[in-house]
Amino acid sequence: MTAIETPVRLKAVAAPDQPDVTPALEELYRGFEQELLVPLWTEIGDLMPAHPRSRAVPHLWRWDNLRELAEQAGHIVPVGRGGERRAIALANPSLGGRPFATPTLWAAIQYLMPGEDAPEHRHTQHAFRFVVEGSGVWTVVGGDAVPMNRGDFLPQAGWNWHAHHNATSEPMAWIDGLDIPLQYLTEAQFFEFGRDQISDAERITPERSRSEQLWAHPGLRPLSATATSAGSPLLNYKWEHTNAALKDQLQLERAARAQGHSGGTVEPGHAAVRYTNPQDGRDVLPTIRAEFHRVTRGAETAPIRETGSSVFQVFDGSGVITVGDRSWTASRGDLFVVPSWTPFSFRSEAGASDSDEGALDLFRFSDAPVFEALQLNRIQKDDA
Amino acid sequence: MTAIETPVRLKAVAAPDQPDVTPALEELYRGFEQELLVPLWTEIGDLMPAHPRSRAVPHLWRWDNLRELAEQAGHIVPVGRGGERRAIALANPSLGGRPFATPTLWAAIQYLMPGEDAPEHRHTQHAFRFVVEGSGVWTVVGGDAVPMNRGDFLPQAGWNWHAHHNATSEPMAWIDGLDIPLQYLTEAQFFEFGRDQISDAERITPERSRSEQLWAHPGLRPLSATATSAGSPLLNYKWEHTNAALKDQLQLERAARAQGHSGGTVEPGHAAVRYTNPQDGRDVLPTIRAEFHRVTRGAETAPIRETGSSVFQVFDGSGVITVGDRSWTASRGDLFVVPSWTPFSFRSEAGASDSDEGALDLFRFSDAPVFEALQLNRIQKDDA
Amino acid sequence: MTAIETPVRLKAVAAPDQPDVTPALEELYRGFEQELLVPLWTEIGDLMPAHPRSRAVPHLWRWDNLRELAEQAGHIVPVGRGGERRAIALANPSLGGRPFATPTLWAAIQYLMPGEDAPEHRHTQHAFRFVVEGSGVWTVVGGDAVPMNRGDFLPQAGWNWHAHHNATSEPMAWIDGLDIPLQYLTEAQFFEFGRDQISDAERITPERSRSEQLWAHPGLRPLSATATSAGSPLLNYKWEHTNAALKDQLQLERAARAQGHSGGTVEPGHAAVRYTNPQDGRDVLPTIRAEFHRVTRGAETAPIRETGSSVFQVFDGSGVITVGDRSWTASRGDLFVVPSWTPFSFRSEAGASDSDEGALDLFRFSDAPVFEALQLNRIQKDDA
Amino acid sequence: MTAIETPVRLKAVAAPDQPDVTPALEELYRGFEQELLVPLWTEIGDLMPAHPRSRAVPHLWRWDNLRELAEQAGHIVPVGRGGERRAIALANPSLGGRPFATPTLWAAIQYLMPGEDAPEHRHTQHAFRFVVEGSGVWTVVGGDAVPMNRGDFLPQAGWNWHAHHNATSEPMAWIDGLDIPLQYLTEAQFFEFGRDQISDAERITPERSRSEQLWAHPGLRPLSATATSAGSPLLNYKWEHTNAALKDQLQLERAARAQGHSGGTVEPGHAAVRYTNPQDGRDVLPTIRAEFHRVTRGAETAPIRETGSSVFQVFDGSGVITVGDRSWTASRGDLFVVPSWTPFSFRSEAGASDSDEGALDLFRFSDAPVFEALQLNRIQKDDA
């Protein structure tokens, strides 16, 4: 057999659970290398740890810095076919400089200048937009112009045609979340270019998308909508609804407390909703879960750890974020990642208020649906 | 063998597809009777027809008559333990005088006098309330006081404790729908008495129930609610949401029509929503489907027939209702039944308006989830 | 208002939980009758009992009597188009002489003379055959000739074309089970005549049907079978497999007992299997569950009660059957019914044997899938 | 801001779809690097290709080489706590020397010397064994000793305790398949050591495991088994059943062909089964699909491509394997990988036989359940 070039490199090491380092072992390892083989016994610690040890690390990105760089890019990087989007992605410090916020999630700031369009395309990657500030951009999904305003969450299941257009005289920035790393790792991606320009008819600026007119009524399914698609048919979860739901939970909590028991919220001072597909009550996207959390002033969440990773963005208020052994004081727009099986908790800035005023508001997205679909989800509430 | 008393009665008849009437056949039939046996060949026409031939017939009850009789009952029939409810049920004319609107559905008017309570109980029968007029009664479900106002739909899955209390100085009437006949036929019923009186704390009169505070936000699931129950956790589908959803569909239809195509509605001038469980997007109750239909002035629905039966109540407007070979002009409060596989259609009263004004509004409930769960559902759109 | 003829008859009675019998009440009741209305308070005891009180009663039919009458019918009642089948159904003594074994289930003995055919038809009613004795008939389902031998169970989901042909010189009797009463009550039935004669190519007598060649391999799904149909694609559950499964369970039980613990069986001496759809592991038919139970000599099952009704046939052995307050000694071929929420238990004839020899073998079918689909299933193990 | 060490490296390049290379762009990119950001426009071609372009390549490993190296390892590498298993994994040539057969799948040869034990452990990784030759090892899963013989397939869902013991005087080799790479990439893994030694009672050598006694009867579910676990409760899919199923399909094909039509097989001369969980008819493991394919002599499969990757092992016969632009003549034991969206086909060695004799038999496993659960599955039949 002629020696081939092989990427396998095996090193016999003297260790309690390793075979004795002998010439025979060395010869065996050379044979493995040549045959493109790797033994379990040298890799098991890395591949099969007692619990997940993420390759990613906790990290926080400051919104001010992101927006400033995005604005610079707005002036020197055009948006057009090929590059497709002026999107700038978070690169976890320990994932080799790749644009992966976590091993499965993509998070980017996207920036559109006044009057600009981002051309139409579609891809199997599931996506969403979340708006932490500003307004004026519409995302056109399959011909439906969807407005984007502060607090809005816009899911968009894979393989839907979509474009963006900024209809105003101000630039606008927002957050894109996608499962790009997951589909990159599993090798599932398809992509197609659409029209370079959307039509004038789509360049309208309605206050509500058609999808909202059909689907944004609580518990009511339009009989004219028949087929069930992969993701949510509701293309905008407007802030007014999210905010109202959180206020209601905190009001229920106060009413319950007045009667001496708990209720309404996840834990004291911690209201939370999950964005769901009104067709089936499940996650809005097959691979991405999205939630909104509100922690009232002075409240603190109990540490928790879960399999799978998350990206959070502070929507309002400020507080101390603790992820693993890292801790930051964060405020509006700041983004941070929680790697798999890393405990995390939040403490909202102290204050006199028992009301919703000044609460720490957090948008969250994660890969939880992947873990649930594959029956790999685990959760553990740690003692504080 | 001694002859026993047997309910079986067989009559040999001379007919093309029947065996020859002979003494041997007569003797055989006597043997069948004695052994409690019935041959298929004498019954097949009734039991296995080419298509469903309902034992029920189309019928319409006038709301004015129902309410008047209910009011009389209000004065002479007390509400209390044993009788449980001042509910008066529709009896389909061809179902032997039994209180069955259709073979599977119960529909009744319930009436509560000022200050009256209906005592707490629970049962496996799935139930709902629908309010065509009035207000002032609260249904207390598991301690949650749910208000009832015109247009509200209140589902209540089986085995939940519930009571009613009229907190006002006016009597109030509404419609109860249950699957009593179905559970009677399949023999599945359980029933328990609860407290004779609800507590003062439950005798509150909130504008929104706790269930609404948690669940009546479109596409938003409270993270504090974990378990999935049999039916909808949302105990009131308020009229404002239903009405808004129907208006939106008709507006979408008008916008689509302006661009030369159709959309938004089920058919021209016909908007419709299904009440769904926000946990899973399915029907609000395991055995009952509920919908609301709006037919704009001058519009007409295409005849359709389905397996399973329905009860409709006119909520507003007026029009011509056609069910099988029956036809009525109906208006607010009138109730009518559509037996299985009977074609039906509606024509809203003509008028100049293209708007929602004066539309024929119809509440509907049916046994469709039963047919779908058993894979017995069929639908056929007939040519007009 | 002119008085119409109404089937409603209301009688005011003096009772603790009934309204006072007064002229006003009588007048009210006359109004109800006239308007086709029935109050809840006079009916609630019947319609909403504390627990199911079946209209059916326990009853046992002797196989010898059934077969003798069927044989007589074989000589004087022809099989042909119109009557369709020489099937003779069990009529529960308290269901008014209707051919309903229970409120939801049909059970009949079918009899085919040498060389006879039963013509092809299809219907929405779900059906099966079970063979307690004999052989020689093939059921042709969609062109697939399925043999029928002692112990075989042949499910056949609704709307499949099917015919029977007796290819031998002996008559043959077997049991048909269908959901005829359920579909009659819910009014879901469709029926179509097929060919009067099956083709010669279908008149073959294979030992195994094509369905078995594709599907009767444990845990193995043929990749050539793509679509998922309503019921099981496996058209014959041959006795050899059922018997082997029961023997294995009892062997596991003995092995476990030897080690001082329990296992393998439902309870000591009681092995049981459910026939399932290999496509999804669920019941073989959407509305009918089928099982086979083996109770070893001297063993006794614990009393149990369930919502829903069952029909059992003794396949082999003999023993004492207790259903509610009835009790019979039954042996091969005898059929009996268990009404809803009626406790039942079996005691196999005593004997020296700890082996499978002489065990009481029981085939069972029930409406359990209906109750589970509608979330109406309950079960209760009673103390003996 | 102080410059941090960053793994991000961005290079401005002159290209049609890239921004102009200017000092401003260079400055922007330095800012991105410093802030741990990566733009989409430089990465989109790699991350969002028009269709999956696998990082893995097609490759074939010769069984003779694998077994020889495994045998050497048998003499110099002990099996014990820490290393856990004498398993040697296939390393795809283009995956950087990591022990990943494909980006999601692990495939290894495991080797156990006479009398050896592999210690008990459990892990969330889903696993199976497949036996291409030999016998004599039992895998003890949760106390159930499961025999391993040529052609047997043994799935084992995550988090079950398991050990191996070689009860004979011969060494034995077999194939392990796991989702190690997938769980490594998504970071979902948990692992626990069990007992160092299994008990003597587990060191038995039954011909059938308890799991087979309960579950290896076609379409029959033991009523004593209640809970539904994550993967298949059937721990051995014995060769006799797989072989019989394939023979039956080919016999059906021949019978159909004699009547002038097709049927029974996937395509002419190509029989195939999927191993399924008898509880639900779904894949045996949440993340791994397993199948067995038989291609009769002279037959050829049509090229096909799918999202997701597979590993095949030739079980018997020989033929030409084509994967993408690679092609090999393969025979018993040879293993090869099919990367995502790479077309593949097989041609069985020509021969006179129309029978099953000498057919090319292929065992296959893949990550298809992952793609289906995440709705990322696509399939395309290419023209030959």
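Every chain is named by a letter (A, B, C and D) in the order it is written, and numbering of its residues begins at 1.
Rule of thumb we're sticking to: a residue touches a chain if its C-beta (ideal position, glycine included) is under 8 Å from a C-beta of that chain, and two chains touch if they have at least 3 such contacts.
Predicted model only: the values in this text are computed from it and were never measured.
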| item | value |
| --- | --- |
| Neighbouring chains common to chain B and chain C, by label | none |
| Chain whose average C-alpha position is farthest from chain B's own | D |
| Chain A and chain D: spacing of chain centres that average the CA atoms, whole Å | 30 |
| Computed distance of Cα centres, chain D from chain B, in Å | 52 |
| Inter-chain centre distance, chain A versus chain B - centres from mean C-alpha coordinates, in Å | 43 |
| Numbers and ranges of chain B residues touching at least 2 other chains | none |
| Overall pattern in which the protein chains touch one another (line/ring/star/complete/other) | ring |
| Which pairs of chains touch, using the document's own definition | A-B, A-D, B-C, C-D |
| Of chain B, residues touching chain C in the complex | 6-9, 16-20, 22, 24-25, 28, 31-32, 35-41, 43-44, 47-56, 59, 61, 65-66, 69, 72-73, 75-78, 80-99, 103-104, 108, 123-125, 158, 180, 182-192, 230, 286-287, 307-309, 339-341, 367, 369-371, 373-376, 378 |
| Contact set on chain B toward chain A in their complex | 201, 210, 213-224, 232, 234, 237, 241-242, 244-245, 248-249, 251-252, 259, 263-266, 271-281, 284, 291 |
